[in-house]
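Next come two complexes built around subunit A: one with subunit B, the other with subunit C.
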Partner chain A sequence: MENKKVKLHYYPGCTLKEKTTNLDDSTRKSMEILGYELIEPENWTCCGAEFPLNEEKIIGLAAPARILRQVKIEGEDKVFTVCSFCFNVLKRTNEALLTDPLKYKRVNAYLKDDIKINHETKDKTTEFPEYEGDVKVYHLLEFIRDEIGYDKIRSMLKRDLSNIKIVPYYGCRLLRPKGNMSIDEPDDPTIFEEFLENIGCTVLDFPFKQECCGSYLSVSMPEAATEASYNILRSAKLNGADAVALSCPLCYYNLDRRQNRIKEQFLEFMGMPVLFFTQLLAWALGVEEKILGLDQHFCSPYSVLGIDDKSEVKI
Partner chain B sequence: MSNNGKKKRIGLFVCHCGVNIASVVDVERVAKEMENYPDITFSTNYVYMCSDPGQQLILDTIKEQKLDAFIVAACSPTLHEKTFQDVAKLAGLNPYQVEIANIREQGSWVHTDKEKATQKAIKVVKSMVEKVRANESLDPIKIDVNRRAMVIGAGISGIQAAIDIADHGYEVLLVEKDPSIGGHMIQLSETFPTLDCSQCIMTPKMVEASRHPKIKIMTYHEVESISGFVGNFNVRIKKKPRYVDEDLCTMCGDCEEVCPQVVQDEFNMGLSYRKAIYLPFPQAIPGTYTLDIDSCLGMWPVRCGRCKEVCEPNAIDYDQKEEIIEEQVGAIVVSTGYDLYTMKALGEYGGEKYDDVVNGLEFERILSASGPTGGEVLRPSDGKVPKHVVFIQCCGSRDPENHNPYCSRICCMYTAKHAMLYKHRVPDGNATVFYIDVRTGGKRFEEFYQRAVEEDDVLYIRGKVSKIFQEGDKIIIWGSDTLTGKKIEVEADMVVLAMAMVKSENIEDLLKKLKINTDESGWLAEAHPKLRPVESLNAGFYLAGCAHGPKDIPDTVAQASAAAAKIGDLFAQEKLLHEPTIVPVNEELCSGCGICVPVCPYGARTLDMEEKVVKVNEVLCEGCGACAAACPSGAAQQRNQTDDQIFSMVKAILKG
Partner chain C sequence: MRIKLKRGKKENDFIERVNELSGENVYSCYQCGRCSAGCPFAFEMDILPNQMIRLVQLGQQEELIGTKALFLCASCFTCQSRCPKGINIANVAEAVRSLIDPKGEDHCGPNEIPVDLADELPQQVLVSVYRKFSK
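Showing the complex of A and B:
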């Protein structure tokens, strides 16, 4: 007797549809196994990717507020994401609307101009409710800890990951700003470690887990981003890790996709596989290899997962 | 109430306070306009009412004008109410026939518009006329005093206070929760700014306290409850079982040798180990072993019982039970000390993850000749001599956003001392200090700091440290040099964190029992920040040492002696006088609803179930008026602050 799937809103964000489909696919498959039917809010757009810190730049809050409003319109009070940037932007937008009456007013004034066209009937809808900042935004790591529970995950594991010596890499967006925006204590987080332990990995500590990967500096000042990323991977190696686990597509880009640049800048660099936490989750839950999108990685992660490496060794 | 129906002759004295009041309030006009107010028989103004001629003016006027009461329109009553009450007494007037109209703190100092400020001053004065018109003549409440003191906490502050009180000739109970007296000071290596050995100056004090015929030392005791009031406290003290008879124990150490249980040694800050049956440190007072029951395998001979087997004097007694001792004292010194802020709160410095990142007290033990390394500077992880030690100040201090807002005061000096002592022990080593400011505001402190910099080559870097982590056997420190504006990375073998001082762990329970206020950081609150620094607002309680706020040893000793002197004042009085402006109960009006009972912060009110009325302990009542505000029937009326008085005061103000 198959249990009915629980419907759950999922906001993937743009990167997952393009550059990191491996993150998207592994998330979907894992959540399916865990008993969820994922629903994307209709007509979603980019969240903006960066929370506007300029107090006057209210327009930057319109897109995330609109996405969250759509979740509300569809009758849900929670949504989860796996991208650290989306998580950060959506959650901070909520906080801004809840704590700043002026922002609340101005954002909702923008949202009033929203027009929704029904493509079949050509009807236009312009009447929307105000968005109050009350849709709860989860990062999947939080959702697993608080809603699914590690016990359930442990009971469904299909593969033994104990040979994988891994370090969790939080980056900045999951932890800052501190307080209720953070998924854990920013200076001493443990949620990622707990997750990795509960899917069976051998988790190691490393001091660079909260350091910045260089973020968008990979565009404007690539050498700086390369150095920052190198320091993280080097520290992971020094602490005995076989691979680095993360959740952020931009960190993934800097830490994995740019390893050729790291190699150019730091000759002693020997490569370090980088995996999304959802890929590890899916693998532990018994998902077949091709769903994981391992061939998209620059630094081959096959051997880490104990799979014969079919791809050409790039580093 | 109405002074036997006879109208009162009321005088008014308006003070200029130099220009403090007169520059904003037209004092002459206040005096002039009030001349015609009902019952004012005399009204004048003068430049300084509190001066000798000012007081003389009042004194003479009372006699000439046959005044029944008078009002001084001047500064806050907290400053000079007593001065003018004394003038009243000199003139043979009851001091409760004096009222102060505050036209300075609540008048000239907070207003700029002269016309409005003057009108307000007139209204304030009028309201005080209404009040004083109905004032009763009162006499202070007299109480007996029990000339015995209790000191809670036997660190340097408690010991000093106890010795001083005992030297005044009064008995003292010195209560300490740990097995020995000594507190944190006995853990220290050397002390700034003289570098004399802490144990060498502390142990004579401890011995003096233990030998003093007037001091009763009660170690391994905790205060269970306190009732009563100043001069007459009843204290219940819990005696924790030591399982060793103090009088029989010869400190031979046989029990310790056979004990199989090894635990971390608190005295050495966990840097070494002790047995479950232990002597806290060699100079411990009382000199007796203590069996730590939480670490013991179990006191049934079947399980272990080895210590009892080998104890020749037969001092070990597994049958000891917790006892409650009742004592009566007249005054209490709270000298419960401090703890260090936990390193766990500083995740960016590794929490407690790295063995070679230690706090200041741990480093004291490493430096101490009696410490786990015998005074050699060896790092905890591998016992090697660290060649570069980095000291970080203000760890958890001066950080209102994340940790504690206050300055812990002693860290600048002890860090300079640590760096200096390290350089003396390891002359070829390097010492680096990260600081925000170096605060050396004590006698010979600046000279001491300069000595560290100039003679001992300690490198001071101004800037905060953002992160500490381990790489191989090195500790990496990331910080900033705010003088050059550069980010810096330093490699060290060991790091010492000057952790903030915080209130003692688990102090809340005790403070609840004592009903002593604390400030927002948990430090004990003094009665007045400048003028009453060693007393609590709760009468009969005195503060000494770091329980009151971060302090170095000289300040602690000074405060302890001051508290003892204050207790000397208290005990020198034949009877204690208590303010009579309390809130009694009009038993005819009281319905026994009991609403006022929990409202009273001093526990002065109890509901008499038989008579169905509330009874007031006049000595406990501090006259705060909370019950008067809560009482639905008007049975609780504060003396000289009755509802009638308040209504007529309000009316006088609203009339304009």
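Showing the complex of A and C:
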């Protein structure tokens, strides 16, 4: 077990650094246990969160392409992320650069103006290689399935999670648009179920696993987003789940942090714990409770994991 | 809904621009309605996704102005994954949004963010909502 750690590039994305440190911390700890040393691309920025759907807004591809180019400059050919939005944007950017010569040319023209300043030596770098869309982007679920392997995960489990009845919630960005995102079959995905089964959870099915939670509409059309989120959580409850597992910080915001608003709009709503898949992974791998950041959740997930609830029950 | 149809240069230009900006071909839609059946926000919409496509096919730019449906798309691509013709309706909605009001006001910009929410909103939601609904 005391092997040298494998270096691996990790792009956390903006939200993980402040609002969902529970996702970031549990990812880092789990990957450390699995034998990886995570490296963030130097000077990374926000990926833009939304892939530009307008064919003429090519500038929106510059930020994700710059992040991926930095991974390439640092001598790596792959990077992983745990945020579904970042995964979607980075992966689609690669596809756009590989399939559209005009976008390739324009994006690389934008990136040519980049200047990198070394803050210690004050040296300026102005020459950069072109980025060709060839850094492979993994979501951690995909990386675990394809590179780490479920066998290894199973052999390293320290806790029994079989009491946790859980439903996987994919949301939209992990699976769609159909065709570009090959993490799994968009209409009948199984990767999340396989992951949860292999870390020992009791996995249940529910019909809302691919439904949208409302995404950014929780800001611009809050009532509509609240209703969409409520439908997902209610369906999970009706199907016998103790908790919902997910990977996206925005789904987490809509499905967990906004449960007070769901309660205001739907009086019969009784709360439903929501957990990141990395929190479950870390817990199964024997990580101590304080790393998981369970106190950040609105709906207390302590009882789901069989921990004495130290927080106030808010709902 | 009753509208008077005409087809001139203005209508043709609009359809052509939507196709250009979205990278889709709206003419390939044959109105099966699977997009509207699957849309998670159809319950709130004034016109359904398939009706939106139909109005674009007919070049009815004016009819699309002020429709709530354009701003209820969360770009979840459920419609795209179900469309038998593979049309990406989120792209079409984005193109229409940019054409009906090219230099207009933000639909949801920094001024629309409630002050009491400013602290709790994740960065990601702000970036994405500005990208979608502000100029």
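As a working rule, the second predicted complex is superposed on the first by the 312 of 315 C-alpha atoms of A that agree within 3 Å, B and C clash if a C-alpha of one lies under 4 Å from a C-alpha of the other, contacts with A are read in each partner's own complex, and residues count from 1 in each chain.
Everything that follows uses one rule, which is that a residue touches a chain if its C-beta (ideal position, glycine included) is under 8 Å from a C-beta of that chain, and two chains touch if they have at least 3 such contacts.
It should be emphasised that the depicted structure is a prediction, and the values quoted were computed from it without experimental measurement.
In the superposition on chain A, A:238 makes contact with subunit B only, while subunit C stays out of contact range. Of the two partner chains, subunit B is the only one that A:207 touches; subunit C does not reach it. Judged by the touch definition given at the top, the superposed model places A:267 against neither subunit B nor subunit C.
Once the two complexes are overlaid on the shared chain, A:187 sits against subunit B and subunit C alike. When the shared chain is aligned, subunit C comes close enough to touch A:60, but subunit B does not. Considering which of subunit B and subunit C touches more of subunit A, the answer is C. In the superposed model, A:115 lies in contact with neither subunit B nor subunit C.
Judged by the touch definition given at the top, the superposed model places A:250 against subunit C, while subunit B stays out of reach.
Across the two superposed structures, the residue set of subunit A contacted by subunit B and also by subunit C is 186-187. Residue ranges of subunit A in contact with subunit C, taken from their complex: 13-15, 18-20, 46, 48-50, 52-56, 60, 83, 85, 171-172, 175-179, 186-187, 210-212, 214-221, 224-225, 227-228, 249-250, 253, 257.
Those residues of subunit C lying in contact with subunit A across their complex are 20-23, 40-41, 43-44, 71-72, 74-78, 80-81, 86, 88, 90-91, 94-95, 98, 107-108, 112-113, 117, 120-129, 131-133. Considering their complex, residues 344, 346-348, 350-351, 353, 467, 469-472, 476 of subunit B touch subunit A. Touching subunit B in their complex are the following residues of subunit A: 185-188, 205, 207-208, 235, 238.
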